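Across the two complexes that follow, subunit A remains constant while its partner is subunit B and subsequently subunit C.
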Partner chain A sequence: MTERLPVYCLAAAILWGYALHAPRLPIWISVVFVALCLLQWGMRRRPNRLIGYCLLGVAVGSIYGSYGYLFGREPGLALVPLLTVLKFRELRSHRDFQVLVMLGLFMVATHFIHAQGLYAALLTLPVILLLLAASVLLHGAPEPPRVRRALLLSARMWLAAVPFMIVGFVLFPRLPGPLWSIFQDPSTATTGLSNTMTPGSISQLSQSDAIAFRVKFHGNAPDPQQLYWRGPVFWYTNGNTWSAGRASPRAAIPQLRGTGAPPLIYTVTLEPSPHRRLFAIDIPAQVPEGATLSADLQLLTTRPIQQRTRYQLGSYTQYHISGAGPRELQRALQLPPGKHPGAVALARSWRAAGLSPRAIIERVLRLLREEDFTYTLSPQSTRGDSVDFLLFESREGFCGHYAAALAVLARAAGIPARIVTGYQGGTLNRVGNYYTIRQRDAHAWVEILDAERGWQRVDPTRVVAPERVQQGLEGLMPDTTLLGRDSEVHNLWTLLQDSLDAADNGWNQWVIGYDRDQQRQLLYSLGGQRATPWTFAVVLAGLAAVLFLGYLALLLHRQHRATDPTLRAYRRFVGKLARIGIHKHSAQGPLDFARQAAALCRQGSHIHAVTRLYIRIRYGDGQGSPMRLHRMVRGFSPRLR
Partner chain B sequence: MFRLGIRNIYIWPSREGGIYLIGLLTIFLCAVNFNNALIYALSFLLIGLFLVCLLYTYSNIYGLCLHITPAAPVFVDEYAVFTVRALSPTGTRSLLLPSTTGPVHLQAQVERHLELRVPARQRGWLPLGTVRVSTQYPAGLFRAWTLLPGGVRGLVYPRPEPPRHAPAQQLVEEEHALSNPLHVQTGANDFQGFRTYQPGDPPRSIAWKSLRSDTLLINRFSDPAQSRLVLDWHALTGDPETRLSQLCSWVLQAEQSQNSYALRLPGNNIATGTGVAHKQTCLQALALYD
Partner chain C sequence: MPAAEQQVARIVAEANRVLVGKEHQLRLALACMIAHGHLLIEDLPGVGKTVLAHLLARLFGLQFRRIQFTSDLLPADVLGYSVYNRDRDAFTFHAGPVFTNVVLADEVNRATPKAQSALLEAMEERQVTVEGETRALPKPFFVIATQNPFSQIGTFPLPESQLDRFMMRLTLGYPDREAERTLLQGQDRRKLLQELQPVLTPEQLLQLQRSAHQVTTSPALLDYLQRLLDRTRSPEYPVGLSPRAGLGILHCARVWALMHGRAMVLPEDLQAILPGTVSHRLASADHHIAERLIQEVPIP
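The block that comes next holds the complex of A and B.
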């Protein structure tokens, strides 16, 4: 490569692309690698093959070192920027140059696998423009100021390509599922509800502002108090930790029936997680595609939710669930032998007093409400039995503690109970009119099997700290904001946050989440039920063709206009004569041609007049009017004698 | 004038374009496999850019007017230079012509004369075949080209061999040498005096003694028009090309020394004469001899 400017531009693009990936790579490898490759390229000698292999080894070794394995999606993707920089050492020919441009674009593509936010996408734009500008500098040789002109031309080309992108993006039929399954990565732990619960575990989540999912209600949004998003259900306890236990394979899905109000209809956009769980309010009225409903009414998918997923649901908030089978009853009454002696004794005393199951639950709730129980994120560390310690000593706990206590008391009194974890509440985004549910909204409650109404929700936290349920956790947190919660500045700040989140959500909904289902919905709404995706492929091809021909016409029209109007009129005149068989030889002058044509045509005088005017405009004093020539040519229809 | 338009512009992805398409396919497969909307968007953007490049490349040479003029005569082993007159209505960047170094940029509405150098390897007419004029503007993904019909030719004279015999001037002096292929018909080159030096005078006619004085003088012999040489094919031996080269060399020498000369070729006799036109007639006869 003799030209330096295109190479500098390419280097800038690749470094930018590398910077996007850099946070996911060890810092030392970035520094060493980029420095070595640039240095070697700068020396302008033939790249030493041995050094190349060494660098490759270092790259692979460092990836192995930081991931612990090599054959998987993550390490594979991490290798892309390293190999791109490595290839930069070998930049010698135009071919290498183009390969590097493509590698740069590939870096952008692999970056999108990790980061899909609006701002992440905007940050990749300079890479694309710089790569394009590098190509333009190499092949298009713009005039000075070269870099600025190359960037301008790139931006123009990018703008011209955007309509193609939109048409393709919206209309190209999305193919279902992955083409091939590459090696599965070990699941990466992210925050979220886990598959077991110890009473304190949920309070860890309360520190996290990470978004779990967003919900948009179709129709009126319900009271936030009613928003109980069911997640993992726990049956088995060893005295401290609750887990799902072993479900009976024959456990039948109970009969569900909504009572009273029609189901709530809403759309959930779930953030990726290593689990296979969808969240629904209370009892789902239908099961989304690709998910199954378990016997304890959890919505489970067949594969982990690795990408942001959207699903529409209907839910009953008032419902009736048919009773449990004997195996289920047995699981719902399990207690670890010898644990929670105080709680068990208390419950048995109520039972012995002849209280009905409902009265016992009422008794527990009254106990929690009337005695001096407090709700806190950081309870005293448990000494001895966790439930007894809460009930009889510390009297402070988080939702998990109270749920466990209620479940143990109920079971000890012979009432079937299970613990449900999930999320409760959510924050309304006033800009986008949707609810955001964050990890700190994680919650735990209890479901009790009622003889008449089936499984019913009982939330002990609601009794201990009603404001937790009404206002969410934020209402309980100490006011640490500088200006107080109700000041104007705080309101503005909330509005700004809401706007940013709404923009992000819109991007998620309409760009990132634009999938097969959404495409189908859009296409149906545009073209009716009869339209298949392939008819839209035809429309896509048609629109692309229209765009293409439109651009072509625009460009060629510019060329056409640039031609001298006088010459254009004369060419048209010659063309008209050619159509009746009088051809102008390329070496023939206009006068000679006029004489020849006039001899063969009826309109001899007109031909001479046009020729005289043409010569006068082009070669004479410049006084003749091109417009008049145009008019004369337009009205000219030659006939042979 | 040859005007580039829809009938004579051809366009196809270049090698860089092929690499681009392979990369595009990879990115697209990534999009399908990971079902990633942004990678989908990127691949559609790249498809769009590919099409936009096609249009830019095409319109870069659309409307370009080209005209080739014949080359001036040259000798074998020199380069025949054909001139391509180019006029672009809206400007053309990075135009590539064979045998020119580097791309050419044409400003809008400004006529430029581009040189097309063709090596002359053989005497006779050198026809210019179709000329491939191409461009890879703006990003190199496409090559648009046209096949400019040549239809013009240039004349190639035989290679003037260094004389194996003595130069013409000396042969003229040995006027009685009958075996000499240059028959001196008339005109003894009697010394007739001096004249002042003019640029272009052969060095051997300089009167070297005049260097002592201020003015450089030239030995003047009898009027060159009077000394008539006959350059005769039959007086030479060897294969035809060697003879033609020798004759070519003598024509140039005779012209340089301002002698008048005649050329005798089998079936083509050119009468005695002198001057540029005469030289060209003789050289053309030599070039086209068969």
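The block that comes next holds the complex of A and C.
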């Protein structure tokens, strides 16, 4: 390889490609990669075979050292860039070059195993263009500026491939689930609400900006205060940690009834999580396909949500839930013996004073409201009993603390209660007109069983810090933005963030989320309800045939179609005359033909004028405008005499 | 350029009075003359070859000599020779008939190759070397050679390499009925010729020759010419056209365009002069080979 430019271009592509992988590769792999790169750069002469094997050993050794095993997806992915760099050593023929280009493309493809987002996809584009440009530079040497021309040409090639990519993407039979999830270990999925609750656990989530799910309402969105996204329900407490406890297998699903407006209809796009849970606004009026409704109104799936999942739901925001059976009543009154002595004593004193259950709940809420309780994300670390510490000492806590306190007080007073966790609120994306619910929107509240009204939601946080529920968590956070929340810049910034998230959401919905169902729906909408896999095959074959024939026609047309605009205009002129029966022999000169045509045609002078201009441009000194010729031919419609 | 067209028109009109019904051939011969070429006329005796040669000389006011080629013709009879002059005690050169503007080499194939080549070298070099001394021929210099196609007995046909030196080969052919009638009714040709006044001066002819170089030949036209040349170099043709032929054709086409008042060469110009310029070079018995060539090659 004597040409340096294509090699530099290729090297730039490989480096960029590696940079995409680098953040998730162990640091040692990167160290070895950089060392190998420097070595390749420094070596002028091709070193002997022995050194080559040594370098290979170092590469494989570093992978084994980093992962502890060699045969698996991750070590395999790490091996690709290292071997690519080693291949540079053997760069002598065009064939080697092509192998490297292919390796580079493969490296880009493996990037999608870990990242499928819109921006990840956009970041791979320069690598592809650079690789194509390297090939262009190798094969044909464009005029200077060579690199710019090569990049332009590769961009054009890439654009030309886009229609084929779209057709292939839309019509090629979809695999059930993305290819890369075949290897995926569910435990590596992102975190979310856990299956247990200690009062502090939610405040950890509140630090996370990660998206839990996005929601699009069909129709008007409700008041943010009503957006209680129901998640895990906890019955059992050991004094510190709340968990689901053991549910009765015969527990009947209670009777649900909407008491107000018709149910809200909305579509949720859930991010992957290790859990088998769907989220719904309190309370779900219907159950999506593939999910079941538990006795405490959680939507559960049979398998963990390994990939982004979309489902449509309806919910009642005003509702009536029928009461519980004796087994549920017993679970809803469970308290760990000997724990929370202060709280239990307080509750019993209210009970002894003859207060009704509703009055007792009122009392608790009044206590939380009137006494100096504060809502904070970083409460003092608990000393002693968590509930007593909150109620009688620190008087500060997070939603989990207050929910636990209310539940304990209620149970101690003999009122059945359970804790419901989930999310509350959400951020409206003004660009995409949907709500984004992030991990920091995680919330916990309490459900109290009222003898007449069934299970009723009571949110103690709403009493302590009404802003939390009305404005979301952001309303509570100190204003750390430089310019204040209401400034123009801040609004613009929010708009930008919303736009980026809306683009990402669109990508997730339409590209990543394009599955068999969507494909089938699309084909139904194209081919009607009777569309079958055969329709599908016919459509695909038909499109392939059309594309192929179109390509052939283009080739044939190109052959006849002159690139010179003058000649093109003149051929059109000749074609127009041929249509009325005046044919030009291929060896007939333009003047002869003009004489022949003018003798047969009414527009003799026009024919001569066109011919004069054509002759002047094509055979003369090049003066005269092809555009004018084009216009003259366009306005020409010959008639026989 | 329009001036050239008018001049040519005047010449043709004047010539038509003498050489009836041969306007196209006359124009081709004119083109050949303006293009610095030499003309070979292959035809029967008595169809007007001599008249044509004479005409071209008279119309431009040029000197005219005729050499009758016979089997005993020597190069010195063409070029000239030196004779010892006793008075001056030196050799004096007696210029041969070739030292003139227009030479008619009648029945050129009757002479021996040696005599033929003397003429042909003079045609090519436009100068004559006799006894070690080089003498330039007058300007303009134009040779019209004739040969009789039918009586090949006792002749020395010109080899192909020599034929290539003629820019054009024409046949005059019999006149058509109307022209023949005019001819029969009219006066004696010789008398008419003598009465003819020059239309243009020799200087104007040289000017025309210079103007021909100004005519544009576009890339599109050169494409067409190259296609034509390439076609003759295929196995279907016994001999392909030489680069010299290509140059000759192109220049002749320039002159043709000039004679029609155009500043650029069109495919039609090439087609018009092609039969005259290529048929003797392609060594084919087919008289219509040039027409066939034109039909076969599309204009790009």
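We adopt the following convention: the second predicted complex is superposed on the first by the 386 of 641 C-alpha atoms of A that agree within 3 Å, B and C clash if a C-alpha of one lies under 4 Å from a C-alpha of the other, contacts with A are read in each partner's own complex, and residues count from 1 in each chain.
Operating definition for what follows: contacts are C-beta pairs under 8 Å (C-beta built on N, C-alpha and C of every residue); 3 or more make two chains touch, one makes a residue touch a chain.
Note that the coordinates shown come from a computational prediction; the quantities given were computed from them, not determined experimentally.
**Q** Who wins on subunit A residues touched, subunit B or subunit C?
**A** Residues of subunit A touched, subunit B against subunit C: more for B.
**Q** Thinking of the overlay built on chain A, is A:Arg95 touched by subunit B (first), by subunit C (second), by both, or by neither?
**A** Only subunit B; A:Arg95 stays clear of subunit C.
**Q** Given the touch rule stated above, what does A:Phe112 touch, subunit B (first), subunit C (second), both, or neither?
**A** Touch status of A:Phe112: first partner only.
**Q** In the overlaid three-chain picture, which partner chain does A:Asp515 touch, first (subunit B) or second (subunit C), both, or neither?
**A** In the superposed model, A:Asp515 contacts subunit B only, not subunit C.
**Q** Looking at the overlay, does A:Gly620 come into contact with subunit B only (first), subunit C only (second), both, or neither?
**A** The answer is second: A:Gly620 touches subunit C but not subunit B.
**Q** Now for A:Leu556: first (subunit B), second (subunit C), both, or neither, which partner does it touch?
**A** A:Leu556: touches subunit B, not subunit C.
**Q** Based on the superposed arrangement, let me know which partner A:Gln307 touches: subunit B (first), subunit C (second), both, or neither?
**A** first
**Q** First (subunit B), second (subunit C), both or neither: which does A:Tyr524 touch?
**A** Neither: A:Tyr524 stays clear of subunit B and subunit C.
**Q** Touching A:Phe548 in the superposition: subunit B (first), subunit C (second), both, neither?
**A** Touch partner of A:Phe548: subunit B, not subunit C.
**Q** Just checking: does A:Ser586 make contact with subunit B only, subunit C only, both, or neither of them? Give me first, second, both or neither.
**A** both
**Q** Per the definitions at the top, what is the overlap between the subunit A residues touching subunit B and those touching subunit C?
**A** Touching subunit B and subunit C on subunit A: residues 586.
**Q** Name, in rising order, each residue of subunit A that touches subunit B in their complex.
**A** Going by the criterion above, the answer is residues 94-95, 97-99, 101-103, 105-106, 108-110, 112-113, 116, 121, 128, 132, 135-136, 138-143, 153, 157-158, 160-165, 167-169, 172, 174-175, 177-180, 307, 511-515, 544, 548, 551-552, 555-556, 558-560, 562-563, 586.
**Q** Along subunit C, where are the residues that touch subunit A in the complex?
**A** By the definition above, subunit C touches subunit A via 216, 218, 220-221, 263-268, 271, 294-299.
**Q** In their complex, what parts of subunit A are in touch with subunit C?
**A** So the residues of subunit A in touch with subunit C come to 585-592, 615-616, 618-622.
**Q** Subunit A touches which residues of subunit B in the complex?
**A** The touching residues are 1, 15-16, 19-20, 22-23, 26-27, 29-49, 51-53, 55-56, 58-59, 62-63, 89-90, 93-94, 103, 105, 108-109, 136-141.
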